[in-house]
Amino acid sequence: MINYILRRVVTSVVLMIIISVVTFGVFFMVPKLAGTNPAELYVGKSATPADVAATARKLGLDQPVYVQYGRFVKGIVAGRDFNSGPSKTHCPAPCFGYSFRNDRPVFPLLLDRLPVTISLAIGASIIWLIGGVLAGVISALRRGSILDRSMMILALAGVSLPIYFTGLLAQLIFVHNLHWLPGGEYVNFRDNPIGWASKLLLGWITLALLYAATYARLTRATMLETVSEDYIRTARAKGLRERVVIGKHAMRSVLTPIVTIFGLDIGQLLGGAILTESVFGLPGIGRLSIDAVNTKDLPVVLGVTLFGALFIVVANFVVDLLYAVIDPRVRLA
Amino acid sequence: MTLGPVTSSTDVATPAGEETPTIADGKKIEGRSLGRIAWMRLKRDKLAMAGGGFIIFLILVAILAPLINKVLGHPVNEYHQDKIDPNLGGIPPVGTWGGISKDFLLGVQPVTGRDLFSQIIYGAQTSLLIALLATLLAVVIGIVVGVTAGYYGGWVDSLFSRFMDLILAFPLILFAIALISVLPPTKGFRIAVMVLIIGGFSWPYIGRIVRGQALSLREREFVEAARSVGAGSFRIIFRELLPNLAAPILVYSTLIIPSNILFEAALSFLGVGVPPPTPSWGRLLSDAVDYYEYDPMYMLIPGLAIFVTVLAFNLFGDGLRDALDPKSNR
Amino acid sequence: MPTSTPQTERAATRPATENLLEVSGLEKHFPITRGAFIRRTVGAVRAVDGLDFTVRTGETLGVVGESGCGKSTTGRLVTRLLEPTGGKITFEGRDITHMSVRQMRELRRDVQMIFQDPYSSLNPRHTVGTIVGAPLRIQNIPTPKGQKRAVQDLLELVGLNPEHYNRYPHEFSGGQRQRIGIARALALRPKLIVCDEPVSALDVSIQAQVVNLLDDLQRELNLTYMFIAHDLSVVKHISDRVAVMYLGKMVELAPRDALYATPMHPYTLALLSAVPVPDPSRRDKAQRERVLLTGDVPSPIDPPSGCRFRTRCWKAQDKCAQEVPPFVELAPGHRVACHFPVTDAERTPQGRMAAQHAAAEVPPDTAAEPAL
Amino acid sequence: GGGGSSSNSSNNNTGSSSGFNAGTKGIVNPSTKKGGTLRIGYSSDVDSFDPTRIYYASGENFMALYNRTLLAPAQKPGKDGLVLQPDLAESLPQISADKLTYTFKLRKGLKFEDGSPITSKDVKYAVERSFAQDVLSGGPTYIVDQLDQGQNYPGPYKDTDPNKMGLKSVQTPDDSTIVFHLAQPYADFPYLLPMLAGAVPAAKDTGEKYTDHVVSDGPYKFESFDPGKKVVLVRNPNWDPATDPIRKALPDRIEMTLQMNPDELDKQLLDGTLDIDFGQTGVQQAAQAKILLDPKLKANADEPNTGFIRYVTISSKVAPFDNIHCRKAVQYAADKVALQTARGGADAGGDIATNMLPPNIAGYDPNLDPFNTKSGKPQIDKAKQELAACGKPNGFETKIAVRNKGKEPKTAEALQQALAAVGIKATIDQSDASLYFRSTIGSPDNVHAKGYGLMFAGWGADFPTAGGFLQVLVDGRKIQPSGNNNYGELNDPEINSLIDKANSEPDPKKSAAIWSQINAKVMDTATQLPFVYDKALNYRNPRLTNVFVWSYYGEWDFSALGLSDGK
Amino acid sequence: MATDLLASGQPASGGSRPSAPRSFLDVRDLRIHFNTDDGVVKAVDGLSFQLDRGKTLGIVGESGSGKSVTSLGILGLHRHSKARVSGEVWLDGEDLIAASDERVRALRGQRIAMIFQDPLTAMHPYFTVGAQIIEAYRVHNNVSKKVARQRAIDMLGRVGIPQPARRVDDYPHQFSGGMRQRAMIAMALVNNPELLIADEPTTALDVTVQAQILDLIRDLQEEFHSAVIMITHDLGVVAELADDILVMYGGKAVEYGTAETIFRRPEHPYAWGLLGSMPRVDRDVRDRLIPVKGTPPSLINLPSGCAFHPRCPYVGYNGIPCRTEIPTLAEGSDHGVACHIPPAERQRIFSEDIAPAL
C-alpha cells in the first residue's frame, strides 16, 4: 500500500512537472512565435525600445526559456527574489510567479480567490451528487418506466444545456423578474452566511444541474450493468432483502466510477469554474484567470493554469487512493 | 487453391449451414452485417431519429444558409438602425419581443439592428464547421494514438496513456482561452486555432476508448490468427482492428460533437471565439449579457439554438450507442 | 457414416520416424514490469521453462496439463507467434528459433494454428470469404480458379456450405465457426497445425463433429497436429503420443496407450485418476481409487525448486527439492521427469488407495498456498 | 491620459445646478459640509497607486487626494478647471528669457504624512523616478523626453550618485528651490508636472512596492490597502489646509472597493450603496437603459465629454489611399450615425465629431466640417465621385485594423457595412488590444505589411492643450518604428512647420489659433476620419455634494466631493 | 424415481404422478419465457421433475437448453426480471411460484441454496469472503457478528480451506479458483440448506480440482442430507454424483431416469448422440466418434413437433409424426422418454445399433 502511494506520488509529481514545462513553454513561446515580445505587454504604450529591453531584462525574459523555467520552478520550491527598484522583493515559496500588473505574488492572489471557488464547488457538488445519484438509481430500478424515460430525457437535456445560457436565464428569472434572490457581490461565509448562500444558490443549482445530469446517466448505466452482475444474483440467492442487495452490494460497485469522475470533476472545478463564475459574477479563481487573460497578465495566467492542473493532478491522486480503499483488487495489486 | 476432389470430411449428412443460420424470425438472411442490424435498431428509437433528423436539417441549413437567408432573412451584416432605439443604448424598442416581426423572424440584434435570423443560420455554419472539424481532428488523433497505444501495449501504451492523462489534467477552458488570446485574432487563423485546440483537447476521449477497445481486441484470437497467417502490424491494425473500432469511434465522435459545439460556444462566449463580424452563437449570447434584462429574446434565441443543437446531437449519439452496442442499457 | 481403418493402425502404417519439429530447451519468460514512466522488470512469469520434444511427420502429439501450465505458450512458441526466451526450435531441419518476421512469412505456410475460442478467433467485421481468403491474399498464393473459388473449395472441405462465402461470423453457430477457423488454417496447406484447445468451447455433440473433421482432414491432407487440450479423453481419442505438462515443464511424454495404461509420473497418475468416468456403475470404484491432489498449482513466477510437482506429490523426498529431475526415457518412447517414478504396484487399486492417503497428508502449508 | 471639459453650453457656469447633465454645467449641491465616508466602486483593479506609474485619467484624478504636485489644475467646473495653479510650488514658475529654465520655489510648511518636511530633493527624486522605466513602468514619459537630453539617466535605483540626485537637467540649489533646464523651448512643459509624483521621500521609496504604501502629502493618506479588493483613505493629520489652496477635503474617510462586477457596481450606485464609480467610463448597458427610461434616475446622471475622440486613420501610404480621392471617398461613405450607435448612441456614446480637436481643447472649432458630416449620414454620390476621381469607380478592397475589445469590433463592422455600399470591400482585421497601439498599428512596417488602409483609434490628450492633443498624431517627424501615434504616417511639411511655430508660441491664445489652423489642414488631407467625441453616462449618488465635471480629466472631481448626510 | 430410497438405496418403482406433492421438491410444468426484441424465448417449457432429500438430480443438456434458467426459476430469481414464469414448484409442500416475494426470499439461502458456475464473478469483489458468508448467515439467523464470523470460519474449514481463521478476511481475488469455489460452497451451505443447486460448479476448474470439489459436494451432502441438483454438461460429472438424471433439450426434458438407466439403457436419440459424441478415457479408443449432426435449436423459434427432429437420424422412422407432434415424457414412470419411436423399438435400436458403437 505504501508502495502504491509512493508510486502514485511519483507519477503525480512527474505529471505536474511535465504540465508545468508544457504550460510554461506554451505561454512563453507562443507569443514569441506570434511575433510579440512579452515584455511589450508590461511597458507603457510610449515606452522606447530601450525601455522594453530593460523590462525584458528585469523580468528575465531575455534569458533562454529553460533558464526562465528553472527560476520559475525554484520559485515554487524555494521562493524567489524580484528586483523591485531600490531593493529586492522576496516572493516566498510557493512562488508561482509575480504579477507585474499589480505587483503581487501570484500565490496569495490565488489563495484569496480560493474560498469563493471552493464554496461554489462544494455547494454544487453536494447537490449534484445527491440529486444525480439518486435520480440515476431510481431510474435504473424503474428501468423502462415512464419515470425512467422522462428522467433520462431530462438528463440528456441537462447535459446539453450551456451553463452560460442556463445561468443567464436563471438570473433573469429569479433575480431580475421574480426578485427571489438578491444579486449583489459575493460575501464571505463568515461575514454573512445567509447572504453567502443566497448569492451562491443559483450558481450551485445551475452548475449542479449540469453535473447531476451526467451523474444520473452514469449512475443509471453502471447500476444497470451492476445489477446484471453475477454477484448481485448471488446476493439475491442468499436471500438478502432487495434493499440490501441494491443499497449495499450494487451501490458499492456503482460508487466506484462515481467517485472517480467526482474526484476529477471537483479537481477541474477547483481549478476554476470559469464560465459559472463569469456568468454569476463570483470572484473566484475562474474570474481571476479570465481577468488575467484579458489583461495579459502572463504570470497569473500561468499560475492559475498550473494551480488548476495541480488540483486535477491531486484529485487524480486522491481518486487513485480512494480507489484503493474501495477496490481491494487495486489495493493489493 | 485446389485440394483435390473433396470426399467425405464430414459426418454431417447435410452441410451444416443448410438449416442454419436462422435468426429470430426463422428467415434466412444473406450476409446481414452488424451495421444493418444496428440501423434497424436505431430506426426504432424515435428520439434518436428526431435528433438525427434535426442534425440533417441543421446541416442543410448551414450549407444552404445563403439561399435560405435570401428568402427569409436579410443580408447577414446589414444594419437596420430603424429597428432599434438609439436612446436605450440601441436595443429594439421595449415590448416588441426583441424586434420580432414578419420581416425579422427572430428579431434584431441590439446596436446594429442586424437580422437575428440570419445571424443564427450563419452562426450554425460557424458552430458546425468548427465542431465538426475539431471532431475530425480529435478522431484522427484519437484513433492514431489509441490504436498505437492499445495495439503495441507495453511502454508505448504507458507513454501514450500518460500523455492522455496529461492532456486531461489540463484546466481545459483556461488553457484554451489563455492560449487563444495570445494569438493573433484573424478569422481564418482563429478558426484554425480553435479547431486545433478543441480537437487537441477532445481527442483523448476518443483515444481512451479506442485504446481500451484496441487493448481488448488485441487479445482476441483473430488478431493472433491474422498474425499466424503472416499479416504484418500495419495490416492487422487497418484490416483487423479498425473495422471493429468503427462502431465505438462513430458513437463517440457523435458524442463529442455536442461537447465541441459547447466548447466552441463557450470560447466565443468568453470572447476568444471567431472574430466578428463572423456570426457565432456563443458570441451572440455573450453580447446578450449586456442587454438581457431589457431584451431577453436576444439571449434566448442563440441560447436555444445552442441547446437544441447540442441536444439533437446527444440524442442521436445516445441512440446510436444503444443501437451499436446491444449490451448498452436502455 | 464413412468407415476407415482404426486410428491406431493408421499411425502404425505411416512412416512416423521423420521429425517434422524438434524442440529442445525451449523457454519463455514473460517479464513483469511496474511503473508508468520508468518501467522496471520486477520478475518473470516462467510460462515455459525448458521443454524437449519432437513432433513426427503425420502424427498427432497431444499436450495436456492444468490451466496455466504453459500449453498455449508452447503452441505459440512453436508457431513463432512468440519469441522464445531460450532454447531451440527446428522445423524440417531449419532452425526457426529466432527467425525475423520477414523470414517467418515463408514458415507461416507450413505451420498453422487453430484457436480455442470460435467467437474471438474470427473477426466479426469480416465475411467468411475474407477470413478464409486472408491467408491466400497475405501470402500471395496463386489461385488459378480465382480466390473466391479457392475459398469455397476450402469451405466445402470443412463441411460448410460454399454459398456462405458472404456471411458474417455472427450468423454461424460455435461448431460452424470452428470449421471456418479450420478452413483458414488449411488455406495455406500447412504441414503442421497447432490446435490450441480447438474443441474446449464446444458442446459435447458439436465437439465430436469437429474432432472427426480434424481426424478426416489429417488423413486426407497428411497433416501433422500438435493437439493442445485439457480434456484427457479428447486427447486420448485423437493423439498418437501424449505429453503431460506441469508448471512450464514437460513431466511425461509417451505413446498414447502407454501413457494412459502405465503412467509413470505421479502427476500423470493423479490427473488420470481425477477424470470423472461416465459410468455410474464404476462410480464408487473410481472414487475409491482416485488420487486426490491437495492444493493448487504454485505460481509460475516463483516455481518450487527441484521438481516442480514436489509440493503436491506424495512421493516427494529431499532429493526432489534439490535436484531437477531429468527428462529421461524410462521405457521405449516413454520419457518421464521424475526421481521416483510410479511403480506398477501403485497402479493397482490398493496402491492408489495408499497414494491417496499419502497425498492427503502432504503438509498443508506447502501444499495449499494459493497461487498468486 | 485624458483631458477635456464639457463645453456644451454655458462654459463658465460655476453656480449650482441640478438635473440631468447638471454636473457638466456647474456644481451640483455646492456645500462645505465635512464628514462622512465617500464610497467609491471600481469594476477592475487599479494598475497602481504609485503616482509615478499612474497614467489614466481616473488615476490622476484620484491621486490628487494624496499626491500634490508643483503645479496642479484648478478644481473648478468648466474652463477654469483647465488652468494650472501652484500647488507644492509657492507660485507659477519663473521662466527664463530663453524659455529653457523653469524655476520653482516650494511653499513653506509642507510635510509628508509622517511629519517630515518636503524639500526640493524630494521633488527632484520624484521626477527621477519617472526615468526608472524598467522598475516603474506604465506612467507617462513626456518628462523623460524633455529632461534626459542625452544623459541616458537610468533612474534613481541605478543612480551612481550617493544621494541619488544624478539627473543633470534638474537642479536643487536649496531645499526649497528646484530648477528645470530644457534643451528646447516647450510651451507645454508645466502641463507635464501634474502627471507625475509630486514629491517622494527617497528613504521611503520601495520601488515597485511603493504602491502598497504611497507616502501622502495631500489631505488623505492610505489607511489600509487590500490589493484587488479594497482601499481606505483617511485624513492625513500632517496636511495643512493652509498650504493647500486647491483641495477642500470634505469627507473624513474614503473607501474604494475594487474588482466589482460591473453590473453589480451599477446596481449599488443606483440603490445608493455606492457614491461614485472610479472609472467613470459609463454605466453598463442594463443600467443605461434603466437610467434613461426613468426621469428620476436620469436627473442624477451626467454624460460629460471625456475628452476622447474616436477616429479612423486612413493611411497615406497604403494603396489606394495614397490617392487623396480614395481617402475622401471613405470620408463621404462613412455612416457616422452607425458608428455613433456602435459606440453607444448619442447619449452613452458621444456626439458626432467632424474634426480632430475635441471640445475641451482650446482651438476647438465646432464648425470645422470639411466633408459635411455633421448629420452623420453617408453621402453616397460624393463618395462615388471621389472613387471615380481616384480611378476606382467600382470600389476596391482594403483592410480595417481594429482592437478586439469592447465596442471596437462593432464600430469596425459599422464602417465595413457603410463602405460596402459604395463598393469598397473592407475586411476587418482584429488584433489583440494590449499590443494594438504599440505594434499593430503603432508600427508602420507592420501597417504596410498587413496593408491596413483604415485603422481605428481613440485618443485623449494627456494634458489639455491642442499641442498635447494633436501633435503626436500628425507630426510627420514623430513617426516612430514602434509605439507610433501618427498611424497614417501623415508627413506634411506645411503642417510640420506650423507645429513648430505653435510650440514656440508662449501665448496660449495665439498658440491655439495656430493649432486651429493645423487642425483644418489635417482635415484637408482626409487622412483622419473622426466620428465621435466620447461621452460617458455616469450616475452620481444624490447625497454627493460639490459634484462637477473637472474639465481637466473629463470626470467628476474626486477631491471636491462631499457628503450631504455626513455619513 | 428417486423417492423413498433413503433406506434401501435401491430405485423405487414409481407410482403414477400424485396430485399432491409427494417429494421434497416437486416441479410441475415449469415454464419460463422471456420477452425479447426478437421474440419470446421459451427457455424452459413445461418441465417437471421430483427430488427427495438426500438425493442428487443431475441435469445435463447442451448450452442454452435451459438448465440455468430452471435453477434460477426454482430460486425465484426471475421475479424481478421480465420473465414470465408459470407452473408449480413445490418445496416441502409449499408452492414457491405462488408464494409471496418475501416468503421466497426468506427461503432463499435458508432452505434452498445455490452454487454458481464462475466463483470469481459470483462473489462480490469488494467484500471479503468472510463478510459475504457472514452476511448469508445473518440474514437468516439472528446472531451476533461474532457468532456469525465463527460460523464462517468453521464453514471455510469444513470445505477444506486451510487456515480458515486467516483466510476469512481475504478478498475473493486472493483465492485461487478452486478455493473460491470452496468458499462459494461454504457460503451456500452456511445455513444447512435442504436443497442445494449447483450450476456447473466445476466447469471452470481443472480436473484435479474438479475431483476435489465433487468429493466435497458428495461428502457434504451425506453430512447434511440435503437434496442436490447438479447441473452440468459433462456426462462424467453426473455419472459421478447423480442418482437421477434429467436430459434437457430445447427447454424441455427429453429423457429422465436413474443414472444407471440413462447410461446403460438410454432411449432418446439425443441421449444416444451425447454418449456417442463422447470420447472416454476408461475405454479403448474408438476410431470415430458419433456426433449429433447439426446445431442446437433457437429457443425463440423451436422446430415444430419434436424439437430434436432436425438433428435426429430417426426422424420420420416408420412414419412417426416427428415434425408435427410434440412427444411427451411418459409421466410417473421412473424412465421417461419424450420420443415418438415406440419404446420397444427404441430399446431395440439402442441395443442393436447404438451400444456396439459406443
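Observations on the structure shown:
Order of writing sets the labels: A, B, C, D and E. Residues in every chain begin at 1.
In this text, a contact is a pair of C-beta atoms (placed from the backbone, for glycine too) under 8 Å apart; a residue touches a chain by one contact, two chains touch by 3 or more.
The UniProt protein names, listed by chain, are A, B = ABC transporter permease; C = Dipeptide ABC transporter ATP-binding protein; E = ABC transporter ATP-binding protein.
Predicted, not measured: the structure shown is a model, and the values here were computed from it.
Chain centre most remote from that of chain C: D (centre = mean of CA atoms). More C-beta pairs in contact connect the chains of A-D than those of the other pair, out of B-D and A-D. The distance from the centre of chain C to the centre of chain D, each centre being the mean of the chain's C-alpha atoms, comes to 91 Å. Rounded to whole angstrom units, the spacing between the C-alpha centres of chain B and chain C is 49. Separating the centre of chain A from that of chain B, both taken as means of CA atoms, is a distance of 25 Å. Measuring from the averaged C-alpha position of chain C to that of chain E gives a distance of 31 Å. Shown for chain E are the residues in touch with two or more other chains, namely 174, 288, 290-291, 293, 295.
In chain B, 11-12, 16, 20, 23, 162, 181-182, 184, 271, 292-293 are the positions where the chain touches two or more neighbouring chains simultaneously. Within chain D, residues 432 each touch two or more of the remaining chains.
The touching residues of chain B, when paired with chain D in their complex, are 77-79, 81, 84, 86-91, 94, 110-112, 181-182, 184-186, 271, 275-277, 290-294.
Residue ranges of chain A in contact with chain E, taken from their complex: 229-231, 233-242, 244, 249, 252-253, 326-329, 332. By the touch criterion given at the top, residues 1-2, 33, 36-37, 39, 76, 79, 81, 101, 104-105, 108-109, 112-113, 115-117, 120-127, 131, 134-136, 138-139, 141, 143-145, 150, 153-154, 156-161, 163-164, 166-168, 170-173, 175-176, 179, 181, 184, 186-189, 208-209, 212-213, 216-217, 220-221 of chain C touch chain B in their complex. By the touch criterion stated above, chain B contacts chain A in their complex at residues 47, 162, 165-166, 168-175, 177-179, 181-184, 258, 262, 265-266, 269-272, 282, 285-286, 288-289, 292-293, 296, 299-300, 303, 306-307, 310-311, 314-315, 318, 328-329. Only residues 62-63, 162-163, 174-179, 206-212, 214-215, 218, 233-240, 242, 259-260, 263-264, 273-282, 285-293, 295-296 of chain E touch chain C when the two sit together in their complex.
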